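As written, the chains take the letters A, B and C, and residue 1 is the first residue of each chain.
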């Protein structure tokens, strides 16, 4: 197994799938000549040509819709949003066209496409460039959402997303692109809907997805020093959601903390907490707690930004609260 | 082609309309788009236009008449056109059947959607506990406990109200239940809740009551079966001071001497068991798989050893029979049982069973439940035993009673309360008269 | 310039058969929409239902010159365009009736008519949202090196949407084979186009360098001729085209809106329907050219009515979707792992 960056893992996935299937093309802002705003598509223009790696105008609604239209007639577009913040402009096409097409055509037209790009905050990018978009996407039936946290997951989930016959949003992270990790050689595909226990533990479950998986692991390491064994469950896929894995970890530890980058109101954690109390109520020894971004737009000032983001201290405190060890 | 003129929805909320005035009469020629009639809707008077060319051949609704939206109220057709089976004035217009016509699936679908609407997989917390023993505290307020602690306490027959909670606001959590178990804090049996159904007499009240299984009951049942086999047994043992029963037996037998009757200790035990069961219908019960059947009458099975094995004749309505009646009946049943002359109805239909091996010198033992009954009491022999009473060592005739319980039906505290009553009745035989 | 009938048996270069076919189909669209109107009035059709009455020449003249495999994408006033593209009237009517035999199995309704076999690609309910979709189909045609054309219908109000402008820009940059057709019926719901628009419809593509033209949308022969030419240009790689088809809506915006009211007078509607009915206009020219008699027209109309009635009967007797269909067609691929639905219902 080679150790590569998350960025290169995505690049490999894109290249391999474009090689494998002529109907796959990549379109978005700066994806071709510039090699991608975050260099994820580096070298792809040279390799596949300008019909398959396409620089778009800054028209998120337009090129997202163009992708849906192309998918309606059988192409498999990968639409890159420079960040998912900008995809709010395109949500009409994502929700009203892509997610609902199969249903309102009575099964005639499926949309085999991928929306991808980084989601969530980076560093000091302030309110409009620092938001987690998962909730907006995962809310609508008809769409699927994955959030890889490691290079191996990035490659495996991206390949599965491209091969899926429904619209899939692959939400990456600006702060993840440089993360290194081992990635299996060959055709590494991770089926959608499979969570992954990133760390085993019997005392408390930290359930999370995407970038905050790393934060959860940090918190778990510190908890270990205090004699608390936290299990870290990385959902990896938000829809389909691996409910079995969620229930299994809750049944094991009897307590859960949901950690996410986004806002709390109707966030992913709200759904997971609802599912736990519906289906594992009698296994709970404490309420499910959530650690999220502060319920405010992201501030610019460094100290305020740090206060707004979820951090290890908050995760540790939440774990102790559900363990009644305050 | 004839054109049917329908009562049309001329406003978005209109359900029926009244013909104010026909602007065309039968026989008038009309063309598409011409106004046929003025219709009073729920909001205003609107114009109804023709949707075909021809002659107004039939007017099916008089001025002033009302029809639901969709009903045919007139027919337009060619002057000589055959109208076939189109409605005439005297027939019930087809629209009267708009209800009928209304395709059923629409309603079914709506119904299905309602039925399918979100139902929590676990019942709301407030109605969950099927019995009071885990939940109830003396002042009737709810014990704060985590769902897991609740479940663990119930499984271990611990009363939450007797466990000190160390969670926020005194919440009982898992570690508290574990601590209680370790300290072997046994739940103190309490008398049955005052409003629990009581058995009054043989003819009174329904034969039995089926109690639907709560989610919790189902889960307990499933898990216990997994753990212990088809009937998850657990055992409760109590020691009874038989001094007063022995005294009572002596007095009673003296009274009966001339009748050649003789009341045995076992007769007292049977009578007391029947009395205690009548007060604890939650124990006088069957496990039906999808429900628990609580009986309003006590049919007491009595295990009897025969040469070929065990048979269990049944004393019907034992709760309503006097001591002598019980005694006579069981003796007769046992005799016929040993002679294999029992009719099926005489050894089936018991609601609860008693097995007594005291006469064989057995101190104590456990009985095996006879499904679908929820329990059996196993009665040992009376032994003179030194005990400490008010600081003094005294000798008392003690008898050990062991109850086997089907945990799907009976929880620890439930069984304990029953045994407590049984003990009281044997230690104070006069109590059976109450 | 309109040619006159130069020789017996033809009209402005179209054979009698061609013109009679156009007349017959426009009559068919008209009768179909009237039946939809009636179905709505008696409660058989629900929701929003937008009729194309008065605009039949746009459906016939624009779509007529297309090939079977050319894509047509439209908005929500699309019943007759679906018929013009070759969809079975029975399936379209059954869709309006919300029945399982409908083209979208009863799940789409009036605003979401789709027929992939006829390359009729909907049926879209958000003003202007179909424009990027058609652009994407144009992209797919180019990507695959095909000689198809994508035709995108929209109403006049759509040209004020961002999606429209983003799409025209991309189509121009990438020279996509798309014909953008604005059916200008003068009103976006109840607002006259000129009241909310800084420039005319036909000027809207100029900024993107897309050739623009306008036709009299009530004259089916003019529309047909014009589109025949445009389709040829686009098919040969001429890049996108933009056309304003000037027409008039004879009915309200939808069945739940008034035909006239504060935004347009009853007199205006009466005058325009009498003067600009595309069917009457064609009929009169056929009479004038002695290519059609009143008797022939009557019998044509009877045929068409019978055909439409058959569609209505088909729709009305078709079953409602099975309740289990509630849960189908949400995803085409139910993944092996994980949960996709969260309503807690059995499915």
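Descriptive notes on the structure:
One rule holds in what follows: a residue touches a chain if its C-beta (ideal position, glycine included) is under 8 Å from a C-beta of that chain, and two chains touch if they have at least 3 such contacts.
None of these values were measured; they are calculated from a predicted model.
When every chain is reduced to the mean of its C-alpha atoms, the one closest to the centre of the whole protein set is A.
Summed over C-beta pairs in contact, the chain pair with the top total is A-C. With respect to chain C, maximal separation of chain centres occurs for B (centres as means of Cα atoms).
With centres taken as mean Cα positions, chain C sits 40 Å from chain A. Centre-to-centre separation of chain A and chain B, using mean CA positions: 48 Å.
Between the CA-based centres of chain B and chain C the separation comes to 62 Å, rounded to the whole angstrom.
The set of chain C residues touching two or more other chains comprises 344. Multi-chain contact residues of chain A, defined as those touching 2 or more other chains: 278.
Within chain B, residues 120-121 each touch two or more of the remaining chains. Against chain C, in their complex, chain A makes its touches with residues 25, 51, 56-57, 59, 61-75, 77, 92-93, 96-97, 102-110, 141-142, 144, 164-166, 191-194, 237, 239-243, 271, 275, 278. Listed in rising order, the residues of chain A touching chain B in the complex are 254, 278-279, 281-286, 324.
Residues 120-122, 146-151, 166-168, 173-175, 216, 219 of chain B are the ones touching chain A in the complex. The touching residues of chain C, when paired with chain B in their complex, are 34, 37-38, 40-44, 256, 302, 305-306, 309, 319-323, 326, 343-346.
Touching chain A in their complex are the following residues of chain C: 71, 73, 102-108, 112, 114-116, 121-126, 129, 131-140, 142-143, 162-163, 166-167, 169-170, 173, 328-333, 335-342, 344.
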